[in-house]
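Comments concern the structure below.
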C-alpha cells in the first residue's frame, strides 16, 4: 500500500482553511497531518467546527514554524496577505512544498504588489520561482513547482473566461469586467460590514478601478497571451452565501458567430475537467459547492460585441478547490481527485 | 374640506398593484375607490392580502371597463404588457386620467415596440400624446398630461444616472450597463424559475443585448439629450428581495475630476427630491422601501474612465412609487406626498 | 401652533436607536433634539447612516449626561442592560421623562434581575415607580408615568398572546413557548456568530429554560392575571432579517371551541389598534416593518389543547415601535401616531 | 470485478429525485439505469439539470411501467403520495425491490392513511410486508425487505430524538413537538406560496395538530417502544433553503441529570453512523448537505423537564440520503457508502 502525502494547513480556521480540511478529508491520497491557526490555546479542531466531529481528530494550534515544518510534505498557507512571505521561506528551505492561497506570490512585479498591498515584499527570492497555480494553462510548470501562488478568486473567474480570446487575438484590449461576489470572499472576520443584516438583501460596488486583483488579472493575461489588456474591473458584494459571477464585455476585432466562439472555448478547455462551456448564460447556483467554472457567452446582432459570463464557487474553484487541483497535479494524482 | 381624488387600480393583485395600494393608503389627498384584478369571483381585498386588514374595505373584482370607468378620476394600470392599450382608450375617452405601469405607451416608435413585445400596437392614437413619466426631466409635460407611460424599472435607474452626462455631451456614446435586479421585477407569477430554491443564493444574466428595456433607454435618452447612445445592457437576476443596482461604464470625452462630476449631478438634481447624489458608491439597501434613487460614481486614475452606480427599489421608484410621484405632479400635490 | 415635544435618543447607533430615529422623524408631534452614542468623536448622524441624509441634521456624540439632560423632554434609552440604571436617575431628577428599552426596570424583583443579568441593580428607588410599557394592558399607568420599562421583544409577543387566557383562567398553568427570532434581536455587534454566513440558512435554539426574558414573562403575567404560570421558554435564532414568531402550547381547563376563543381575544383587544386577531395562523411577513402583533390560534379535535401563534417585528412592536406607542400615550397623542 | 446494482428513479425531476441522482452518481456500487418522470417528451436528464452535464447521459421519460420494470434491480419511487401504490405492485411482482419515498406504505393502519391522505389505499397486500425504513432501529428487517417505506422527513427528525426515551420509559407520554422546515420539504411546485418573495424572511405555522406526519410518528414510536405517545405536532415553514429543526418538549418521569441522558443517547446510537449526540444544542447548518441527524438536549433546573433538539437536511437524512442508507443495508454495502 502506498503511503499518503502528509499535508498541513496553516490558517485552518478561516473560510478557505476550513474548506481545505473538508475537501482533503475526502481525498484518498492524502492525510491531514497538521493544522495551525491564530488560536490562544491549542484546541481540538472538531471543537472549533462541530461538523467535523468524528471525521478528524487533530489539535489546531498557533504554529511554531520551525517545528511545524517537520510535520508535513506540503503546506497550504490559507493566511492573510503579507504573512505568507514570512513563513514560506522556512518551509521551502526544509524542502517541503507550499501552496500559498494568499496574494504574496502572485504578482511577479513586486512594485505593483507593494502599491496594492501596502507592504514591502519580503521574499523576492522565492517570488521568482513561484508558479501561478492555474492548471488549465500552466500544468507543466505546476508539475515541477515547489511553490504555487494560488490565484485570486476574481482572477480565476476572469482569466479562464478571457484567456482564449486574448491568445487568439480576437478582441480589442479595452475590456470591462463587472463581478458579483458573495461575502465569503472577504474571510471570516467579525466586522459590522459582514453582519447578517448588513449583507442580506444588499448589493454594493467597492474598490472601483483599484481592486488588488486588477493587476493580477492584467499580469497573468499578459504572461499567457502576450497581450496587455486594459481591464476595467468593478467588483460588487451581493447578499448571497457563495460564489462569484463575472460578466465580461468585449469587442471583437472581426465579426464573429456564436458557433465559432463556442468551438474556440471548447477546444481550449477540452482537457480541462473543471471548465464547462455552456450553450447559454450560466447560473451561479450550478457551480456552488463544486470546483467547476461555468462559462457562457452571447453576441449582439452585429457579431462585434460580446458578453462572457463565468461563474465559480469562490471557496472552491476560487480558492481551496483550485489549491487541491494544483496539489493533484504536483503529486501526479488525477487532476479531479477529491474534487468531484 | 377639499375632496379627495378618487383612484382606481387595475391589476391590484400583482406586486406593483399591491404596492400602489400600500402607498395610496398613506396618501392624504386620495381615496382608493376601485380595485380590479383577474379574479374568478369578487373578493374582499384584505382577504387576499391580510396585511391590509383594517386598512381597506374594498372588494376586488374582474372589472367591466365600461362600469369601472365611472368609479374614479385616475386609473393606475398595473397590468401585463399588451393589455393596457386595450383598456386605456375607454378610460381616456371618459375624460379620466391614466398612469400606465406597463410598457404599452413608453416607446414612441411602435415598430420597435412590436419587435420587442411581439404584438401589434393597438392604440397608436393615444401613444402620441402619452408622456414618459420621469418627473425629474419632464415635469411640465406631466403636469398637463392625461396619459402617463410610467417608465420601466431598469430604465429609471439608468436614465437618471446617464442623462446629465449625455445632455452635457461629456461622454462617448458607447456605454455599457450591467444591472442587477431582485426577482420582484418579474411579477407575481407561479413559475419554477421564481421558486424560492431557484432564486435564493443564485445569480444569472438574462436577455443579453436584447432586453426590451434597451430601446426604451436609448429612445428616452435621445429625446432628453439629442444624443443617440449605443447602450450595451445586460440585466441579471440576483437572489435578493428588492431593488435594482445598475453599474454603468462610461468614457469621458475630456479628462475630468471627481468634484466636477459631483457638482454636475448635484446641479441637475437640485430640485429632484428623490435623487440623492452620494460621495461614494451607493448601497442598495439604503434605498430599499424608499422612493429614492441613489447615485454615486468613481473615476479611474486617468480621469477618462468612470463608473456610475445607481440604485432604486424596483417596486418603489422603479414602479409604483414613481407612478404616485407622477400623480402628485399631475394633481398639484407636493411631489413627495405620500412617498417619504 | 403647538410646540413639539423634544426627544433625545441615547444609544442612537444600535438597531433600536436607529429604528427610533426612523420612526420619530415621521412623527408629527416630536422633534429629535439630541442623539447620543458610544462614539470616539462627534459625528454627523447622517454620515453614520447615509439613508438619513437630508432627513436629519444632528451631530451624534458620546453624551455628558449632565449636559444632555437639558436638551430634551423625554429620553429614549436604547442602551445595553446594566447601563440605563446609571443614567436614568439623573434624567428623572431633572424632571424629564424616560423610556428605557433595556431590561433594567422591567423586573420588580431585583434579586431575579441580578440572577439573570449578573449585576447588582443600582437604582432600586426608581425601579419601584417604573411602569411596564405595555399599552394594551397598562394604559392608565403609562399615562401618568415618568419612567417606562419598555418590554423585551419575546415577552411582548408572548404576553399579548397569553394574558387573555390567563386573566380568564381558561388554561392550565404549565405552558410551553417556542419562539423563533431574527438576529436583529441580538443588537448590532461585530460577532462571528452574527456574520452573514453564520446566520444565513441556519436555525438554532439557545439559552434553553434560562433566557432572561423568562422571569419577565412570568412576573408580568402574574401582575396582570394574578396567576403564576410555569413557562417553559425556548428561543431560537433563525436566518431571517426581522421578526419574532412565538408558538405557544396550552391546555384548556374546559373544552372550548374556536369561536369562543376568537371572541375572547377580539373582546380583549377591541381597543388595541396594534393587535390583530386572525382567523387562521399568522404569517410573520405580514407584520414585518409594522407595529402590529398578529395573533392566531388553533384547537385540536378534543377542544382541550390549543396552539396560539403570535408574531411581531422585533424592532417595531418588539422594541422601538412599542416605545413610541408608550410615548404617544404619555403625551396624549393618538396611540398610533407615527406608527401606521 | 463485481457487477453494479442497477437502480431506477421514478419521479427523477422532483427535489428528492434530483438528490437521489446526485447521491447515486457518487455511489461506487450502483449504476443509474433508468430515469422516469412526468415529462411531455423524453429529454436528456442533463438538459433538465445542467449541473449534471458530463456526469450522466440518460434520457428521462414518462415511464411505461411494464417496460421500465425490466431496466433495474431496485426502484426508488420519488413520487407524490397516492401514486406509488399503483406502481409498486408491478415492480414487486417482477421480483424487483422498491424503496418508496412517498407516504403510501408508511402507515400500517390504512384507515388512518385514508383519513390523512384523502384517498383509499389500493395496495393493502404489499402494505403488510412493507418495512419502515429507519435503519437505526430496524436494520435486520430492512436487510430482508423487498419494499421499504422511506419515512417522512419530520418523523425521522422526531423519532430518532424520542425513541430512546420512550423505549426506556423515561418520559410522560404527552409530548410537544415544534418543527421548523425549509420549503424544500414541499416539493418542486410552481406555487405562489413557494415564490421567492412569499418565502424569504417569512415564518408560518401550518396544518396545526393535523399534519399527516403526526399519525406516522405515533404509530412508529408505538411499534418501536410499545408506548402510545400523545404527540402535539406543529410544523412551521421558515424562509431558509434546507433542513428541519425539531424542538421537542418532554417531562421526565423521574428526576434525571444531563450525564444520564447523554449516555442513554450515546448508547442507543453507538452503532448508528449518522446520528451524532451533541453536548450542546445543535445548529441546523452543521447537518445541511449531510446525512447526519444531530441531537442535543437540555434539562431545566428541576431535572424533570427537558427539551430535545434534532436536526436533519430534509432532502438527505430526511428523504434521499436515508433512502440510500436503506439501499446500502438491503444490498450489504457499508451503511455509509456514498453518503459521507
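Before moving on, here are some points about what is shown:
In this document, chain identifiers A, B, C and D correspond to the written order of the chains, with residue numbering beginning at 1 in each.
To be clear about the criterion, a contact is a pair of C-beta atoms (placed from the backbone, for glycine too) under 8 Å apart; a residue touches a chain by one contact, two chains touch by 3 or more.
No experiment lies behind these values; they were computed from the predicted model shown.
Among the pairs B-C and C-D, the greater number of C-beta contacts is found at C-D. Each chain's centre was taken as the mean of its CA atoms, and the one lying most distant from chain B is D.
Distance between chain B and chain C, defined via averaged C-alpha coordinates, is recorded as 37 Å.
The geometric centre of chain C is 40 Å away from that of chain D, both derived from CA atoms. Contacts with at least two other chains are made by residues 200-201, 239, 241, 282-283 of chain C. The touching residues of chain D, counted against chain B in their complex, run 15, 183-184, 188-192, 194-201, 239, 241.
Of all residues in chain D, only 176, 178, 180, 182, 200-206, 208-209, 232, 234, 236, 238-243, 245, 247, 249, 281-285, 288, 298-301, 305, 307, 309, 311 touch chain C in the complex they form. Against chain C, the residues of chain B that register as touching in their complex are 26, 50-51, 53-54, 276, 278, 283, 286-287, 289-290, 340.
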